[in-house]
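Two complexes are shown next, each including chain A; its partner changes from chain B in the first to chain C in the second.
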Partner chain A sequence: MPIIRTLTSFLIRIVALIIVILVLGLIAILAAYYFIGPSFPLTPSMLINPQEAIAFTFALMDTDFFRIVVFPGFTFVALYAAIAGLWERKLLAKIQLRVGPLYAGKFEGILQPIADVLKLLFKELVIPRVVDRFFFIAAPLLTVTIATAAIAVIPVTERWVIARSDVGVLVIFAVLGFFPITALMAAWSSNSRYPMLGGLRALHQMVAYEIPLILSVLAPVVFAGSLNLIDIVEKQSSIWFALLAPISALTFYICSLAELERIPFDLPEAEPELVSGWLTEYGGMNFGLILGIAVYIKLYVLSALFTTLFLGGWLGPQPLPPEFWFIFKTFIVTTFLLIPRGVFPRLRIDLLLRQSWAVYFILALINLVVAAAAVLGGFKL
Partner chain B sequence: MVDVAFAVLAVITVISAILALEAKEVVYGAIALALSFVGIAGFFALLDAVFLAMFQLTVYVGAIAVLILFTVMLVRREQWLKAKEGVHRAAGVLVAIVVALGLGYLVYASTIATVIPSVEQAPFTLIGAQILTEYWLAFITLALVLASAVIGAVVLAKLERD
Partner chain C sequence: MRGMASDLLLILLTAGFAFAASVPFLIIPILIAPKNPNKPKETQYECGQVPSGGGKFSLMMQYYAYLLMFVAFDVMSMFLFAWGISLYTVGLSGFLAVILFIGILLIPLGFTLYHAARRELW
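Right after this comes the complex of A and B.
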């Protein structure tokens, strides 16, 4: 009786899903209670007294748990990723005189991210027979995890930061250093030609562009005299580092394009020649984890880093809250990172590598030398 | 809490280090090596040396492990010959145990147990100042060695191409 078997398996899955959701909810509640417990006891009277519940919510907002899970943490960034994805499609469509997503949500396809995620979730997870299963499944998960790790040290405002690290800039570069490994894991485990070529290109590109990226960050660090991202923002209260170190800012912008594998540097996943490069064998939510979430979280991380290092972070005119200024500036930077995709053709691999070593490397050094000379000469902020 | 973290890190580091040597797939071995580097970075972080931990991650995971992976990826699995087992393996394990015991004894017998660590975390600016003042000679020598290595690599690559 195939119908009955299908039905029972369907029911089992539904029940399993409900149990998983219940268990996860319990874990979330317990975690919230663990973080807030000693300072603010959880009482049953909260259920009927709304004022207590509001106070509890406000107390919860000051815990690390809230920061990691909600505001500068994962939920905020995932939302940002979804909006950035929609924004990219609409923006590129307008640049190229198309209409872009139009139907989902009646108004200009505003619910398209939800539709995309639903579609990816309902697709079958195809795992080809000859792949290396462990790495094939681990690579997308690791990519998302590592991308998310970087947001821990990025300060949205002085209050909204997860980890106040004295070496915040280094943390970000330590995290970025993991991406070639996950790309290689995905490429190698796919056991196929296009992913292999894409993975090798990704490796070359990421390793080559990481060096000018790090060097271009050093000019603001030298000006601020600190590796702490919060200090770096506060030192920009009189003048943005983008004005003091314009060449570094430009180099950082170009190198983050390369680090994000966006056009004109999208050789690792070139659709026409390599059929999406190192992602060829991925489908369904495995694909969605990398291209739908991890790439846009990385986009957020690099835009937020540009805002923090060069555009004065949350600093801005008074009546609007600092949170607004940070998100606004980050969104502008994201837009500038998205635009080249609508305009430029793709570079050739040898030109790409030569540019990295011969042009951006030197450009990044110029402003570093200028900054060092200025600081040695007694320039103070 | 610190003890639990230490135990977990120790298990991760040791197991992945063994895996790096013993894995049949070379790529698995390379990734296990990267994982053991991450474990060592965790030890640095536990010792409040976040600066060192981050450099361990950037240099060892971000550069050296990637370089090893890069080399290993270019080779297909059938081309790796299995090393001879048996006597060599037993001898290797024996040597490793002897070295570990000897080093352990040396550390245990030394004065390191009686050193009282300063409570304050050394700021990384102090490390930078020390490198550029007291240890400038070693610093510059290292820089020159690395530079000559890079120039040598470039020259060799050029020679091969011409």
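Right after this comes the complex of A and C.
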């Protein structure tokens, strides 16, 4: 494609973009109408009769389409990711006695995520000549896809789940096992040294911290007696599992810091050492997809999992709706996952790996055995 | 109560929707972002120096022992999943059998960590 140098060529491209968006939007609306239209017809009498429109809206909220696209699905998670991105920068700024993003939007930089996305969309997508093109472009897309697949089993309330699976916990771990592969794919396809080192470190770190994660999740599973996440929350109505299995909760928290590649487990993205680790060759929206969207979707998945397993999900005092309690608790867990970035130094790779196997594995195992002994000894919930 | 196949289908649909929703994010920059390719921009990044040597170099995988341990203990954790849900069915004898299983698997872990502390290589 020719180089854009004049205002007219830029305007022509903007007009082409608007036309493409309108055509794609029309196709999307027709597809949605094809899938949900026959059971939920839009009749003209809805304009006159508001009761029908309200009934139509509530019936639409019960469909799978709405759940996948809007509420516990992609749009909600993308909005949460945007807000978490802004909240991280403001929180770290307040910890470091700065202010954070301030100018985008009238109130303390609240439009900063939108400004970031627009900026990244207009940036040049630089693809170095030596990379393996297919995997270079496929790796960020795959990371976002897999991160979103994990939210399909997380229940926001017993009514708002996408897939009520009887093996929900196993689905989460099956999906979490893909992230080392996509990191390695991104690193290997950018044919360069810093990404190679960063990618191998990311692989070792994510793989080493999955075992304590699995073991610390097993303690609530043992207390609840099933792998279904809805059952696990319902069994917490008398006491939260964070109080019954505190060491497992702590181990889950630390291992999710490691899975998210957050400080103190920041070595794959260590700035003074590896430039940007396995993300070095990525620019523009490629970078925005991985570092902006996929990482924060993973943050939501792990925070929501912590809330579901240890903090009692959507259960809370009655005047406020259960959806609010879930989002509130998830937000507090997210805050605690974001704070160590401003506080701790970084762990070296060999100390990191040794700590995972020598400390967290043993701790999670001890808590699992004690929980199983308590349940067998007659502890009933 | 739906069957298992339809749950997996919903998970795949969620993933597919996420894929379909992030493809426009890559198409839009291709349409409207400037394109000024020049040679320094398109080579790989080596902190401002001229990159020398290939990208994929032969690397000493000194932490491969941790990957081997992951493979073994991942299988162990799958068995612990199965044990965790069926606690009442297997009772006390099953509990002791699993304790023995975990104990036997902790012996190689102790051996590996002892060598890691001794040799300081991994």
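Convention: the second predicted complex is superposed on the first by the 337 of 381 C-alpha atoms of A that agree within 3 Å, B and C clash if a C-alpha of one lies under 4 Å from a C-alpha of the other, contacts with A are read in each partner's own complex, and residues count from 1 in each chain.
Methods note: contacts are C-beta pairs under 8 Å (C-beta built on N, C-alpha and C of every residue); 3 or more make two chains touch, one makes a residue touch a chain.
Note that the structure is a prediction, hence the values are computed from the model and not measured.
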Touched partner set for A:Glu261, first chain B, second chain C, both or neither: neither
Chain A: partner with more touched residues, chain B or chain C: C
Contacts of A:Gly199 with chain B and chain C, given as first, second, both or neither: first
First (chain B), second (chain C), both or neither touched by A:Ile181: first
Touching partner for A:Ala372 - first (chain B), second (chain C), both, neither: second
Contacts of A:Val171 with chain B and chain C, given as first, second, both or neither: both
Which of chain B and chain C A:Glu210 touches, first, second, both or neither: both
Partner chain(s) touched by A:Leu227 [first = chain B, second = chain C, both, neither]: both
Chain B/chain C common contact set on chain A: 165-167, 170-171, 188, 196, 200, 207, 210, 227
Interfacial residue positions of chain B with respect to chain A in the complex: 25, 27, 31, 34, 41, 50-51, 54-55, 57-58, 61-63, 65-66, 69-70, 73, 123-124
Chain A - residues contacting chain C, complex: 1-4, 10, 13-14, 16-17, 20, 24, 64, 68-69, 73-74, 120-130, 137, 140-141, 144-149, 151-153, 162-167, 169-171, 188, 190-194, 196-197, 200, 204, 207-208, 210-211, 214-215, 218, 221-222, 225-227, 275, 280-281, 284-286, 288-289, 293, 349-350, 353-354, 357-358, 361, 365, 368-369, 372-373, 375-376
Partner chain A, residues of chain C touching it in the complex: 1-2, 4, 7-8, 10-19, 21-36, 41-47, 51, 53-57, 59, 61, 63, 66-67, 69-70, 73-74, 77, 80-81, 83-85, 87-88, 91-92, 95, 98-99, 102, 109, 112-113, 116-117, 120, 122
Chain A - residues contacting chain B, complex: 132, 135, 165-167, 170-171, 173-178, 180-181, 184-185, 187-188, 196, 199-200, 203, 207, 210, 227
